[in-house]
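In what follows, structures are represented as structure tokens.
Heads up, the next two complexes both have chain A, just with different partners, chain B and then chain C.
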Partner chain A sequence: MTRILFSDKLDNCVAKWRSAGLTVIGPVQGESLSSYATVEKGTDLHLGMVLPDRSLKELFFPQTEPMLRYTIKKNEIETADFTPPSAQRIIFGARPCDASGLAIDDPLFGWDYKDEYWFQRRNESVIVTIACTKADDFCLCTSLKLAPDSTKGTDVLLRPLDKNRGWLVEELTDRGREAFAIISEYLQESSETALPTVEVPEKFNLDACVAWLQNPENFDSKFWKEISMRCIGCASCTYLCPTCHCFDIQDEGDTYSGIRRKNWDSCSFALFTMHTSGHNPRSTQSARWRQRIMHKFNYFPGKFSVNSCSGCGRCSRQCPVDMGITETLQEISKL
Partner chain B sequence: MITQEKYRTTVKELLANGTIKMAIGYRPGSTSDRRRPLFIRTSEEADQLVLDSTCITNLSGYLVAEGLLSDEKRVGIFLRPEGIRSINILAAEYQLNVDQIVIFGFDSTGREVRPLQGQTTSDFSALLSEIRENPPLTTKEPLLERIEKMNAKERFDFWQQEFSRCIKCYACRQACPMCYCRRCIVDSNQPQWVNTSSHTLGNFEWNVVRAFHLSGRCVQCGNCDRACPVNIPLRFINQRMAKEVVDGFDHFAGLSPTQEPVLASFKKDDTETFIL
Partner chain C sequence: MTETIHNAQPNIYKPAIMKIVARHDEAPGVRTMRLEFQNPADHEQFKKTFRTGMFGLYGVYGEGESTFCVASPETRNEYIECTFRQSGRVTSALANADVGDLVTFRGPYGNRFPIEEFHGKNLLFISGGIALPPTRSVIWSCLDQREKFGKVTIVYGARTVADLVYKHELDEWQKRADVDLVLTVDPGGESPDWKYRVGFVPTVLEEAAPSPDNCIAVICGPPIMIKFTLISLKKLGFDEKNVYTTLENRMKCGVGKCGRCNVGSVYVCKEGPVFTAEEVSRMPAADL
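Then we have the complex of A and B:
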């Protein structure tokens, strides 16, 4: 026997979680953009979309974040730390690719320095993922050896029933069980079966691509120039990506006082890792695009044994010149 | 279809006889409604060319990126009228030499594509003047009508709300053929003129800088608007600024490669006592 959460109980659940002090967040379709946002009622959630335009990453790693306030005095420097406001949160209706993205970035944010901003939010968030029963042309989780019902990064997996009636509940972690204990009165025992997950065709052979990338001879392949000729360096791919994690630390203010912030950065920018001397180790767009691909499928897995891509397809979906991970790895497969 | 076939042949001929070293056009994209930029150097590549009503990206920015024209050889490029205007502006601002550009002009109404006669920008001056006098009818945009009815305070609040979504990816800048500065002011960090943070103030600063710098230069190709990953209706800002420049300075950007840039020219008999 498994337990079922019926859709008509969602409002009650959201109310219950909220009265238990949890902020409820989920996919919301705004006037012109969809994202994961705070909701007050179950009916505010838009669970029908393939996935929100914006990824889950920004709830853990916002585009700009104050770190400390500094004041330079005659003989001392005064600093005051900012920490994110503490808030227990439940993210209801994450997509498996977005949830996986969080798990992929965990080792990165905890490797040499434990990023307290990331981990505070990770520890305070329960991720309730809904398995996908529909996909679009750009979804590619299966090409990354993930699936429309991957449980990576997920605390509770929900499998949809037919006719939007509700979900089968699979509690995967203690944190998930605790959150669902709060709403246990709304769960029902049942032997129903869930809808099958969507078939997402594999778009390329990942192992073959990775082998090509790992071959040092291909670092200088003319392929990089060819594929990147159309890249305009717009950074949309990196900023919408649930796993891209580069940031830049900036002081904002004047010489004597200001705020130190952590801002998103992107390898698509000409300024990315430019040296103070003016030397730019990646002075062309092709070198920058190569960096993005190499980082995701060669360097990152080399260090953390996992690819830095969860197959959400946002990079291809949004790219103004129709390139992204899919188009690039498909081309590599042909080499 | 016929237009596309004719142009394939023309491109092949011009490549074969050495008139151009490359042609920049469109090829099929990853879905049926997408087109991606194509760089044609060989006859085989010319066979990939598509030209239909979904070819909307203004490709002229590629001409000034990473030194494409520095060898003084000619490059062919597929352009709609807005694209031709942007070539004129780039030439007027000394970013390229129009003699190096071979234009393959086209336009579309509905799904119908038609070629535009001519090869160099001067061949299109009559067409551009005509567009200035009789701008093509655009579809009514309910949001624009809403914005136009707002008072200054409401408009400010509206844009503040829109800009709050900005993530400062600068896709709008990168997609714009007029944003060719080697180092954009927002990337200058010695000193840092503009905040890099994507908070309300930073987003506002960026979008205001962009609006001003494109006044009298924007050709309304829509590249920025389509590139913005958070769907800020950037086209309305640029349309409005273009209108202000036409009304205030009688300047319609991109009519000829020698037209004086409106914000970079100076007249001794200017009635204004203040220069921005």
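Then we have the complex of A and C:
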């Protein structure tokens, strides 16, 4: 016997979680792009989309984040730390690729120096993931050895029933069990079976691609120039990516007071690596695209034993010139 | 300094406040500043962790942070000295700061020169222009415990006589019987009263021909100097494993998260900035 959460109880659950002090977050259709955002009622949740345009990352690592406020006085500098507003959150309806993305970046934000901006939010969030029963042509989780029902980074996995009636509940962590204990009155014991997850065809052989990337000779391959010729360096791929974590630190203010911020940055930009002297180690768009691919499939796994890609496909889906990880790795497979 | 701490954990991006206690103009646009910690806890932490070769992010609130080495040696950790060329936004703000003003320091970060492994060995320091500061940290760390090392040779060159930094220390090293200093300026950079060598560092190095036997070389300079100096060292018979250098790249966090300072798979901020020439030779040259 497993427990079932029926869709018609979702409004009650959201209300219950909210009255228990949890902020409820889920996929919503924004004015232009869909994203994960705070909802007030279950009916605000858009659970039918393949996945939101924007990834889950921004709820843990916002596009811009104040870190310090400084006030400069005569012979004195006052600083105050900003920390994320403490809020217990439940993210309802994450996709497995987005939940995996969080787990992939945990070791990066934690090695040696622990980034509390990331971990405070990680510790205060329960991730309720819905297994995928539909996909689009850009989805590639299976190519990354993940699946439409991967549980990486997930606290509770929901498996959809037919006709949008609800979900089978798989509680995976204590944090997930605690959150679902709050709504236990709306869960029903049942022996129903869930819909099968969607078939996502494998788009390339990851191991072969990684072996090619690891071969030092291929660093200078003319392939990089050819594949990235049409990249316009807009950085959409990195901003929408659930695992891209690069950031800049900038001060906003005047000489006497202001805020030091951590902002998303991107390896697509020339300024990203430009020295003051004018020398730039990655001075061409091809060198920058090579960095992105190498980082995800060679350098990052070399350090953290996991690829820095969870197969959401946003980089290809939203690319204005039809590039992306899929296209690049498919071409590498042919080399 | 008053602080409001909302965070149970220390904020890893928060710098220490430093007071400028002295400053000295080294060369046109190049300045050295001596900084003292304002918070004793920050100073204790620095004394515990700092070893020669490490770097820091020096900053001015409102302008930002900039990465350069700690130019003072580990044997003198009551203060931090940094030497920088005024060229960008942060270094201009630092250059505008006067003695008594407050600036910031975040660090020390990165790895270090394994000085203990140099004990009993001859040391050859080769440096060019504004790259003497990182070398100087190692030089003084060794000279402050001179008895532990063999022969010490310093080869230092700059474009012009005016561009030589630490001129007062060069005089001091010149006078010491236990240091062999070879000074040079690029052809055309000599002044009428220049009494030392004229020539590029690699050429002058080959003329000085230090023996590679039981010798560690530490080189630091602009990429073009490093490239040709490595060739010269090879000619002189130095093993790449005994040649150390320090790399620098644009950095924002200094702690392996902001994602830009890597050369190939190597994060300069965490695995560096100190590398042997052998390690550098394994990095993809196109990413340097």
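Convention: the second predicted complex is superposed on the first by the 334 of 335 C-alpha atoms of A that agree within 3 Å, B and C clash if a C-alpha of one lies under 4 Å from a C-alpha of the other, contacts with A are read in each partner's own complex, and residues count from 1 in each chain.
The criterion applied here is as follows: a contact is a pair of C-beta atoms (placed from the backbone, for glycine too) under 8 Å apart; a residue touches a chain by one contact, two chains touch by 3 or more.
Here the structure is a predicted model, which is why all the values come from computation and not from measurement.
By the touch criterion stated above, A:80 is placed in contact with chain C alone, chain B being left untouched. Contact with both chain B and chain C is seen for A:248 once the two complexes are overlaid on the shared chain.
With both complexes placed on chain A, chain A has more residues touched by C than by the other of chain B and chain C. In the superposition on chain A, A:212 contacts neither chain B nor chain C.
Contacts of A:63 after superposition: chain B is touched, whereas chain C is not reached. In the superposition on chain A, A:239 makes contact with chain B only, while chain C stays out of contact range. Once the two complexes are overlaid on the shared chain, A:167 sits clear of chain B and of chain C alike.
In the superposed model, A:327 lies in contact with chain B only, and not with chain C.
Of the two partner chains placed around the shared chain by superposition, chain C is the only one that A:273 touches, whereas chain B remains out of contact. In the three-chain superposition model, chain A touches both chain B and chain C at residues 248, 250. On the chain B side of its complex with chain A, the touching residues are 29-31, 34-37, 39, 57, 61-62, 65-66, 165, 167-171, 174-175, 187, 192, 195-199, 202, 223, 226-227, 229-231, 233.
Contact residues on chain C toward chain A in their complex (touch as defined above): 1-7, 9, 11-14, 17, 61-66, 87-88, 91, 100, 102, 104, 223, 248-250, 252-253, 255-265, 270, 284, 286-288. Contact residues on chain A toward chain C in their complex (touch as defined above): 67-68, 70, 72, 75-83, 108-109, 111-116, 216, 219-220, 245-251, 253-256, 258, 260, 262, 265, 267, 272-277, 279, 281-282, 287, 291, 294-295, 298-299, 302-303.
Contacts from chain A toward chain B in the complex involve residues 32-33, 53-54, 63-64, 137-138, 229-230, 232-236, 238-240, 248, 250, 252, 261, 263-264, 266, 269-271, 284-285, 316, 318, 320-323, 326-327.
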